[in-house]
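Here it is, the structure in full.
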Amino acid sequence: MIIMETDATQEQIAHVVKEVKKYGLRADVSKGAFRTVIGLVGDENKIPFSHFAALPGVKEAMGVEISYKLISREYAKFFEGVSEPRVVKVGSIEIGGSEPIFIAGPCAVESKTQLFRIAEGVKKAGAHILRGGIFKPRSSVHSFQGLGAGGWEMAEEALTWLSEAGRKFELPVVTEVRGENQVDLVAQYADILQIGARNMYDQDLLTGVAKKGKPVLFKRHFGAGIEEFLSFAEYIAAEGNKDIILCERGIIPVGKGKSYTRYTLDLAAVPAIQKETYLPIIVDPSHGTGRRDLIFNMSCAAIASGASGLMIEVHYDPAEALVDAQQMITPDELKDVVSTCRRIHNLTMAKKK
Amino acid sequence: MIIMETDATQEQIAHVVKEVKKYGLRADVSKGAFRTVIGLVGDENKIPFSHFAALPGVKEAMGVEISYKLISREYAKFFEGVSEPRVVKVGSIEIGGSEPIFIAGPCAVESKTQLFRIAEGVKKAGAHILRGGIFKPRSSVHSFQGLGAGGWEMAEEALTWLSEAGRKFELPVVTEVRGENQVDLVAQYADILQIGARNMYDQDLLTGVAKKGKPVLFKRHFGAGIEEFLSFAEYIAAEGNKDIILCERGIIPVGKGKSYTRYTLDLAAVPAIQKETYLPIIVDPSHGTGRRDLIFNMSCAAIASGASGLMIEVHYDPAEALVDAQQMITPDELKDVVSTCRRIHNLTMAKKK
Amino acid sequence: MIIMETDATQEQIAHVVKEVKKYGLRADVSKGAFRTVIGLVGDENKIPFSHFAALPGVKEAMGVEISYKLISREYAKFFEGVSEPRVVKVGSIEIGGSEPIFIAGPCAVESKTQLFRIAEGVKKAGAHILRGGIFKPRSSVHSFQGLGAGGWEMAEEALTWLSEAGRKFELPVVTEVRGENQVDLVAQYADILQIGARNMYDQDLLTGVAKKGKPVLFKRHFGAGIEEFLSFAEYIAAEGNKDIILCERGIIPVGKGKSYTRYTLDLAAVPAIQKETYLPIIVDPSHGTGRRDLIFNMSCAAIASGASGLMIEVHYDPAEALVDAQQMITPDELKDVVSTCRRIHNLTMAKKK
Amino acid sequence: MIIMETDATQEQIAHVVKEVKKYGLRADVSKGAFRTVIGLVGDENKIPFSHFAALPGVKEAMGVEISYKLISREYAKFFEGVSEPRVVKVGSIEIGGSEPIFIAGPCAVESKTQLFRIAEGVKKAGAHILRGGIFKPRSSVHSFQGLGAGGWEMAEEALTWLSEAGRKFELPVVTEVRGENQVDLVAQYADILQIGARNMYDQDLLTGVAKKGKPVLFKRHFGAGIEEFLSFAEYIAAEGNKDIILCERGIIPVGKGKSYTRYTLDLAAVPAIQKETYLPIIVDPSHGTGRRDLIFNMSCAAIASGASGLMIEVHYDPAEALVDAQQMITPDELKDVVSTCRRIHNLTMAKKK
């Protein structure tokens, strides 16, 4: 849609119409008493709106179509007649299926012993997938960056542990790929490749990871609106990989004074995103709140909002963890989360369409 | 705590210490290799931190104490030995008690017929309290501002309807007081006085409303962090009125691209606030999302997060409503919300401390 | 504009068209391959968009017209042929005229001596208008709330000082009206009535102040976008009072980690607002940054961005001030600001249209 | 600093003190009537605060030291006695020196002809450095991604043009490195390597780029506070490369209603950052506003705020540009910007310390 200035001339309107036609679209001109509005009919993706915004007499030029058509529920229904949500399969685990899925494990893999002990704990607590960070994104270069910082050999060894722990406890494993150069290595060991929140905008990394053909756990950046989040998920889909698990993990707190949580967990994004795309979405209450004492409540809330699963940081002794100690829960606490969340899921699913 | 510049001189440090003593506090000086930090011991509320920030050699001056001590859970426990949350009573209804409370009704009272029909509907659906706006805050002066805009007589008539509907259907009533001059009139008819989100910062209104001694439903401003929200609730408590029902109703969406919800419902604020204050907190998913199709999910999520109740806009024919049509649900839909939320509440309460 | 769902039926489209006509507008239907869009032609202010958003088959309903037509530059030009910016006159001072205007004084009036000493200082430094707060909005009820908190008599005495200082040093005076009950009193003494940022949304206060017919200094709320800011200025204009001086004073800092300024001074709002409205806009770098050491730079930047003036907190001994000590500058520093800003104004005005 | 809960026991306090000592720091215990605070004396970078936050009895654990000590002005002064800002040299151009530097050119390189014509234009207008994007980060995968998207050969050819244009018009050149795999190629041709706002958090890319030893133009992410921005610049410095040119380019607009600018240009960040670090900072008003009609004003404002230079998108025919057409200015307009900015710089520099 192109909105003209009130004093736009006939020539300026005609010029815009001509330009629209150049791009193969139809221009429907609506003349009001005060202002003329030009509707675009056709494939808006062909239109460089910033070009039109720069034409004389134009007040505003904006699209009404979405930029994530490959993962759009509405497009899938319209063009392919598909209205079911997508289920992403990892071995026998189904994300987006009839049961909520729990991904759990340490923030960072610190040693084989630590990892195996936690893996055993989360398995017993009812988790389906094991997480463990090897390449850790950190705000300070002076903080522990994960075992991956110890060189490729150390990284590969840690990946081996992850893979072994997964086999031993029958848990598919997920770990973050932080940079392009890590893609090949991580893809050899992990069942799901994670793109962290900080890398959501890194389109080269997205493309590289997508090409591996493995399921991608894709986290929303803390500065991204929903539209932007989905537009970047589209980069993965554009490589032909639609096994994308979206993950809400909190956005930047806004407001005067302290917020008391590390981020603002945007749970309404869960059902809002489910209206927009057929992809499954899970929630990470650990990073989303940054507070161990809020994990139980926010896990319940996330599942009640309709999330297909949770991603939770777990440690047998949270205070000992090298990273994120204040947001870890114990395997016992995880057990409570899993059992209550399952019951909430059953309650709410019955009512939801 | 006062953090000195690295090159602060001995004289500057001594001057700060002297100033601290003037205010009746003790100054504990910690000298590090790099920097000196001065801890303040005593009543921080006596300290004008901006004064200290302006002294020579000072890098930063900041308090570690909270500004909402009258409603603080930690203070209540420490000074009065009280650790139970407060239950606000309105007739036989208990907000913050063992059951979740549902406040429902039209966004704006439009006519006696409309109000009574909705009141009957929400009563049957299981609501406990009737809401209905008469003085409506609006972003545009050219929009319908509620019947209160029709003059004091019209306003009083609408208040009478509200009061009558409340009696008829045995529902205490709540309505918004938008300006100081409306306090006396509204307090004659309403059981609970509401301060809307836009007026959260209006301290004269808060004081005026608090003085009426009736329970106050106090909504968080969409630009306020939790600390600021509680600091303004303190204005009400400072008048000796602690019957305050806090209400989370969404904060400004942040992020590039569209957010797809009118506000960001900050559900983690619910348990976070419950750790800070003994006051009950409820959630308004109607304004918080602005979308009718998200109300069910977000109501469930709000209760799962630990909220003591919900405030929901209801209309027998949403599209007919003069205000907020797109976020109203029907009485039938409310019934589903009430029954599912009750069951979630029972599930989660068993587990929460 | 009304955007239909892709699977909207012919009946649903026809129903929307019928509804549009009910409100006296024309509906231009644009059918694309994928989606139908309905353009509204006529007075959009008559349209309750939330009603349309709630109709079956509708994906989104949104206006393209602005909600602040009374103060709109485009409307003024179109309907009245006026394209000049408005100059607000206070005695012989012209805000929005050919020279930048400097409003200066203490944050809070603390005593007659303090006020007169500062008034003399700012006059000598080149200020045109004297500011001084008597009713101070504060985040904590436990902080100093201005002399106005000492009762009506104290408030009136402080207002008398302000008025006397203004006469003595030939400076019109401005002070904040924080609540409706203060309007009559303050209007007796002040030449300009200020609405503070926290009260921007308080429409009853806006209406009350506007009715006094005196110039209104209207500050942007720290959580308000430009559109919302102007929509509330429209409340003042709707009372027939167009002597409105807009004031940008910083918005909520957004972003992970510390921001190092109290607010984010949105200087691009200055020229952006000047394109939207004919009203003059000034900048308050004191509140906007909260840092004395940034005032000079940000004053220069504000004038360079096109602001018609500045509002600056001044104290002969900043550290002594009871409120906002860390953001005050001295009269000598103000002098530098005034002289440099005047020269920048001359430089840039020559080039701007 | 570690703040204890009011009901923390002696044992809990003793345990915290013991833990602090483990990390080689001293613990200064301040007991107040209400609460105990433990000050940490020593190298805070050794402290995992999240570990302490997770200890029993601890309310809050937070550092008072900065995480960007390698680029800190205060540290440089304290440890090395250096208090001068750093000047980054690129050939004969000095960024952070006595004159403001203008970087200008097309948003995206589209063809050799386009690039050379614009290069000639910006040179004549007074620019010092030529910009031109080859690997373009875009929100939509369906938009033009720059010539770099055409494969490595096409990318290299475009880089050759850039390098040739630079030589021909005696302008050092800067272009963005969007992904790790592009580092080697781009470093062969560009004089300055740019990290775009979207990639600010991509620490592997930062490290890769830093290692090339060339000056790095480092843009602030639109969701990053100043502290976070500087913490990531530290990743570059940690590789021994301190030739970092910081760039403010706007943060996410916050606020209800439309903002009318693409981002919020945070000009107070300029002097605030100059107090924190010795690195030079420039401003990009093109992306910061997204509006061609605001470039002149905001360029003047940026220089007045103290910026060491500007980065501006220029095109001989803005409407023709494939990317960002609405925010481009012409070479003639650039000339006005350059000349007015130079005069403002002279005016304000005289006064600033």
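Which chain is which? They are A, B, C and D, in the order written, and residues in each are numbered from 1.
One rule holds for everything that comes next: contacts are C-beta pairs under 8 Å (C-beta built on N, C-alpha and C of every residue); 3 or more make two chains touch, one makes a residue touch a chain.
As the structure is a prediction and not an experimental result, all values here were calculated from the model.
In terms of C-beta pairs in contact, A-B outnumbers the other of A-D and A-B. Note on A-C: its contact pairs, compared by residue number with those of C-D, B-C or B-D, agree for more than half at B-D.
With centres defined as mean CA coordinates, chain D is found 38 Å away from chain B. Mean C-alpha position of chain A lies 31 Å from that of chain B.
Once the centre of each chain is set as its mean CA position, chain A and chain D turn out to be 26 Å apart.
Of all residues in chain D, those touching 2 or more other chains are 139, 222-224, 228, 231, 252, 254-257, listed in ascending order. Chain contacts in this assembly form a complete graph, since each chain touches every other chain. By the touch criterion stated above, chain D contacts chain B in their complex at residues 1, 3, 5-7, 28, 30-35, 37, 39, 41-42, 60, 64-65, 74-75, 77-78, 139, 222-223, 252, 254-257. Against chain B, in their complex, chain C makes its touches with residues 45, 48, 50-51, 53-55, 67, 137-144, 178-182, 198-199, 201-205, 221-224, 228, 231-232, 234-235, 238, 252, 254, 292, 318-328.
Residue ranges on chain A touching chain B, taken from their complex, read 223-229, 231, 251-261, 264-273, 275-276, 288-289, 291, 293-294, 296-298, 300-306, 336, 340, 343-344, 347-348, 351-352.
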